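Structure below; questions to follow.
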Amino acid sequence: MIGLLLRRLLQAAFVCWSIGTLTFILLRLLPGDMEFRIAAGRYGHDNVDLAAAEAVRAELGLDQPVWQLYLNWLLDLMRFNLGDSLVSGLPVVHEMLHLLEHTLMLAGAATVVSLLIAIPVGLYAALKANGWFDRLSLMVSAFLRAQPIFMIGLALILLFSLELRMLPVAGFDGPRYLVLPAISLALAMAAVSSRVVRHSASEVFRSAFFTFSRIKGLTFRQAFLRHGLRNCSLPVVVFLGIQLASVIEGVVMIESLFSWPGLGHGLAHAIFSRDVPMIQGAAIALGLIFVGLNLIVDLTCYAIDPRSREAA
Amino acid sequence: MKLQVFLGAFALAVGLIACTPNQNPDVLTLGGPFEFTSQDPARDGYVYTRLQIAESLLEVNDNGELLPGLAQTWDMSPNGLTWRFSLRENVRFHDGTPLTAEAVVNALNMALRKPGVIQSAAIESVNVEDALTVAVHLRAPYRRLGAVMAHYSTAILSPASYREDANVAWMQGTGPYKLVGFDPPHRIQATRFEEYWGKQATIPNVVYLTGHRAESRALQVMAGQTDIIYTLDPASLNLLRRQDNVRVYSDTIPRTIQIKVNASHPFMAERNTRLAMSLSLDRQGLSEKIIRVPGGEANQLVPPSLAEWHINDLPPIKQDIVRARGLLAEEGWLPGADGILERDGKRFQVSLITYADRPELYVVATAIQAQLRAIGIDVDVSIVNSSGIASGHHDGSLELALVARNYGNIADPLGLLIADYGNHGNGDWGGMGWHNDELPAVLEQLKSERDPVLYREKAQRAAHILAEEIPVIPVLFYTQQTAVSSRVQGFSFDPYERNYRLSEMSFAQP
Amino acid sequence: MTALLQLENLSIVAGDSVLVEPISLTLAKGQRLTILGETGAGKSLLIQAIMGLLPPPLRRQGTVRIVGQDIDTLSRKDQQRLWGHHISMLPQEPWYSLDPLMRSQQQVAEVYECVQQERPDQANVKAQRDLVGVGLGEAGHRLPGQLSGGMAQRLAFCAATAGGAEIVLADEPTKGLDISRRDYIAALLRQKGEDGAVLTITHDVEVARQIGGTIMVMRNGRLVEQGNAESLLGAPSAGYTQELINAAPESWPSVRRHQPNVSRATVLEAQGLEKTRGGKTLFKELDLVINQGEIVGITGDSGCGKSSLGDILLGLLPADKGRVVRAPGVAPYKYLKLYQDPLAAFASAASLKQLFDDVIRLHGLDARKVPPLLEQLRLSPALLDRAVHEVSGGELQRLAIARALLLEPVFLFADEPVSRLDPITAREVALLLTQVATEHNCAVLLVSHDPYLVEKTCDRTLALGAPE
Amino acid sequence: MRRVKQLNGSQQIGAAILACLVGFAFLEWLLNGTDPAVQNLGNLFAAPSLAEPLGTDQFGRSMLARMGAALRLSLLLSLVCVLTSATIGVALGVLAGWREGWIDRIVSFVLNMVLALPGLVLILLFAGLAPGSLLMLYLGISLVLWVEYFRVVRAITRASVASSPMQASRMLGFGSFYCFKRHVWPALLTPVLTLAAFGAAASILALAALGFVAVGLRPPTAELGLMMVELFPYYSEAPWVLAQPVFAVFLLIIALNLLAGKTK
């Protein structure tokens, strides 16, 4: 248990360092002069000129040697100081917290909705394996998986916002704005996870131990609750861990489509305005979410599977 | 069993959401592409003047004439070195403190500490003359100081708004709406300021939401989620025009889509080549089919709304491929095997950069690329950040750039034209590698010209030089496209984009 | 005396082919019935048919009555209601039949809770009592993965019978168990048969003998003979039954030669070997000399380090202490290994002919040596044209021996070479191995859990004790 | 041909769809000479006709030519990405799985670094480095894809190397190359082909995704994701034009997913 936490903690530190270094190197190589980009972000597109750029350069010390900037940044990182945004002048940590809140809200809601869809659909399909419902859910899942995630979002916008006028199209101003992005992301996730649930549940239903528990005299319900649920949730949770990477990718697309003020949107925007501290902050935050979610998966597996506890 | 329960719950949830209408009767929702990161007028001030949270000393009417704002009257000393602004009485900031000369001096001094248009005037000092009079002392006469005082970056905030470092902690303006919610970069909330000095706003609450994708902005207004969407993309116009509950307003604003040309580039140094490029453009097609607003063809840089600077009798530039090819042939450019022009073994291959902040630029660039290809010029289009224009100008890497230039930025384009052509005909957003000494001289004289007739004459001369020499190729006069929900009444558009005039709007009774 | 289980003309068919020919039997309280036969005799299908668990293309014909009820008159749900309450089954692979995530005692206790409607604490007490009864008193908190095969089978026995079922069906309950553990399970079944009814399926004559009661001998889905255990095993009337009895290692002819020839050269010598695994010392200060052509047996219970010792001698596994010396001047490929599972010796993607050709080409051997070798091992040369999966286990093990002998090895480590094979085949292969190896003057280290097998086939035996 | 027969029913359907798309893309290239960038502002959104079998788009460009070009781009890019990432992933995976030791440690270290960033974020960073550059897209996508091959190949190689059939071959005196050919490669082939199909689908989706967040390819390149985004505002005006790239991506992905077989 301690080892588990320690390993993830080490990974988190590694993520911070490697992402920081990587983004730093990559962004040093970005085309265009940095001070012009920053000036454009600060003073409006029509006010970019040499004077504004000079002011920015002097203020931020961008003419220091590269290694010095990198060293400073590493020192700051160790003190948990991600610096100030080059564009807004606000502390990156502050902005990250704001974006993080929205991203977690979206990712959390999407995960919950996707489980609400995937678990009943997958279980029902496994129960009636190869029946009409199983085939239908397979077809829907294959159909959804064959779309870029933004097409799912656009289709939902067309239906719920434009035709039915039930939900807002984009932006964030209250819980109603969460519905469509969360459902889009959830559908894309459930398309895959419902099949995983179906697969692992039917595996369990066909397993020798499930049959044996029935032969012992347990009813189907008892056998399912006592033996089926825990055993089939283990591969599902492990899969969720693998799916996390695609969730984060989906977040970038969905946030962009729905103008959702989260980390993915922030990252894309920061890359565009070449805001090095923001890019590092956003990428590190996304990386840390990734590590954190993996930790949750680890802990869940740990809770479900007594074998791992024995091993520890 | 489980499944049915779940489906039932889902249907119920959807049903509940469906019962909530997309429109709230007390809130006016606005959408636009502009992201904001701070409350500092020098940075994102336009957002706050548009939402009528902050106000400046002077205002501008649709014809570009200055009107009283927070200053009721103003005058200039005979030598042009001192300007006096007398402030309106009984004006209160949102924090309850009264508007005084001291507060205004403080605000202007804060603006002076940052880059911006205010730096174009050689201001020596700003002083308190008496409780309601402010004096601005200049080192050199500057005729257009009034326009500067109407710019968003000189908006007046209460002294409590500023932190030590001149940044703004929380904006306390004087407008009919006051800031209540600030979530950069996507949401601003404002409510009616009950102690406003002028006419009270009708709609109690305003929300501005950033939507950085043009296509989703168009959908927002169709879905009834947003009442007004500023800066639409051309592609969505036909769709929006067909909606019953949406009206589309097309307003010409003093912004021009133009091609910045690197005249020091060996291919484009000759006027004939630039003229040929200009003649290759199907401006009518661009206007009708691409921008989808007929009549936007530009034959010169400054649009008609800035009458002093616009040449009324200049004929339109018609597409003339044959003549364009002829001009290019005169310069030694002959088509090669694949139709691309060649001279001295070099292919006519150039890059064109543009930026994504204005949705139509990208589409127009794509069309221009094909039209230049038709006369044998191979253009490689790339999208950059708008800052790439200025940096490309300075490092000399820029070849062609498609830009939208706002000539109404400060009510008179003089300052802008000096910035664009003041340096021997060159500037970040204007000429590049072009050499002309007459134009900068004319512009310099205009700075201190006080006779309106002479001013007009010289302005016209400047416009003629630009039309004749074509350092920059005019393409289209920009049209601001705004989609407005049918429940909004009293909508009008400020061609200078300073003020969204929200306080004059109201909702139709359902 | 009422019949608990009654089969009338029960047969199992798949489409047009009959897999198990009609069979009738009656099992009353206090009766034990054992069906004896080799793999493929259709024994397991019989049990699945009785439980109603036949996989779809297979169908049952004839009547099954459980506690007097014809199961054809019952709905599927009502059929399943008999499970645990009246009829239960001991699985073939206990590890797979136990929930890997649930502790041992709970797997028994939940039966008391769910089937007998006991309170949890009471159920726990009873489960604990049951576990103590089968010698698992200390193992209640363990997970199935931490149990040995014998323990898992005993746990499965407790779980299967906790519901109070009178009828217990056992499908090869002793497969892969050491002899002492095998006998324990047999005793449990015998005991259960005294107050209920037990139907056991096995290929092990010894198990059948220990359970007692009635024995039915089956071959290829057909009943060969039946009768009382003692009389049938004592004096079988069918040749097949006799063959089965002879196939038990106890009945094998002894091929042990009187004394190893002391003048023979040493092929392998181990000095002071020590190996520790999982905190337990398997063996230490072990010295071993293997001479040319002799057959050395190693026995011991599972987990005692028999196979590890063989792997250390071959250099496949490092020893913690000590060293292994091979005879000088002998090519390394002359020290080879035979695997418990013959499939483990062959690359599955190529044909057998290809694999044999590879060896011949690599060492520049004479391909004409192959047919006589195959003949010696009673294999048809046509087998080589097949893929690895298309030949039987016994044939494949003999092919593995043939391939090894092609290289004229001096030392062969045979790791349980016949334990996965049916008894009659096992006997044939084991005897052939020792015979042919001797002819080729190859030393063999034979590892087996069955002391009889080693005793009958080896020149000398090394018994490994339980790990410390 | 033998391999085609080994495929199951749905894999055959997948292969057939893919073959049709490839056929369309390359026949269009051979037979139709229209330049996908030539505009005709007088003929916007023309309905399908004999001259323009798929109609025209918002610039009056031939949709037939554009669909052909876009499909070729997606197919070729995914092919090149898959080939690169599979080669690197398989080579390093075999090396690391076989040798373990320091090679394994170094590659695993790089792997952890790559895995720390979700794939699309990494591709975004690369695409941001040089917007519109096909090379950067290719590098970014390949960099993300090789990880999967590496992990799978290393695990399989490890299992194969430790397996008793290979142990047996070693004892019989066979060398490393023989062991690779007989034991490791046959075990790798099917999973690597499955990964390749999924990888191709992933790179097609990534390309479309980048077009969507405006760091993908430049206009007037015909690229499926870019076309979808550009044509979306015309969804009610010219639905048949929008449907074409949407349908093409759908067919491509479903064909590759079918070809790959069961869910991972």
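Worth pointing out:
First chain written, first letter: the chains are A, B, C and D, and each begins at residue 1.
Rule of thumb we're sticking to: a contact is a pair of C-beta atoms (placed from the backbone, for glycine too) under 8 Å apart; a residue touches a chain by one contact, two chains touch by 3 or more.
Just so we're on the same page, UniProt names per chain: A, D = Peptide/nickel transport system permease protein; B = Peptide/nickel transport system substrate-binding protein; C = Peptide/nickel transport system ATP-binding protein.
On a predicted model such as this, the values are computed, not experimentally measured, just so you know.
Separation of chain B from chain C in touch steps, taking the shortest path, is 2.
Ranked by separation of Cα centres from chain A, the top chain is C. When C-beta pairs in contact are tallied for every pair of chains, the largest tally goes to A-B.
Nearest to the global CA centroid, when each chain is reduced to the mean of its CA atoms, is chain A. The mean-CA centres of chain A and chain C are about 50 angstrom from one another, to the nearest whole unit. Distance from the chain A centre to the chain D centre is 23 Å, each centre being the mean of its Cα atoms.
Chain centres here are Cα means. That of chain C falls 49 Å from that of chain D. Centre-to-centre separation of chain A and chain B, using mean CA positions: 37 Å.
Chain A has residues 256-257, 272 in contact with two or more other chains. In chain B, the residues that touch at least two other chains are 384. In chain D, the residues that reach two or more other chains under the touch definition are 232, 235. The list of touching chain pairs reads A-B, A-C, A-D, B-D, C-D.
Residues 314, 316, 331-333, 335-337, 339, 341, 344-350, 355, 358-359, 362-363, 403, 407 of chain C are the ones that touch chain D when the two sit in their complex.
Chain B contributes residues 2-3, 6, 10, 14, 17-18, 20, 22, 29, 31, 35, 37-38, 42-44, 46, 115-117, 119, 167, 183-187, 207, 209-213, 216-217, 219-220, 222-226, 355, 357, 384-391, 394-395, 405-406, 409, 419, 427-429 to its touches with chain A in the complex.
Contact residues of chain D toward chain A in the complex are 112-113, 115-121, 124-126, 128-130, 205, 208-209, 212-213, 215, 225, 228, 232, 235, 246, 249-251, 253-254, 257-258, 263.
Interface residues of chain A, counted against chain C in their complex, comprise 207-209, 211-219, 222, 226-227, 230-231, 234, 304-307, 310. Considering their complex, residues 163-169, 171-174, 178, 182-183, 186-187 of chain D touch chain C.
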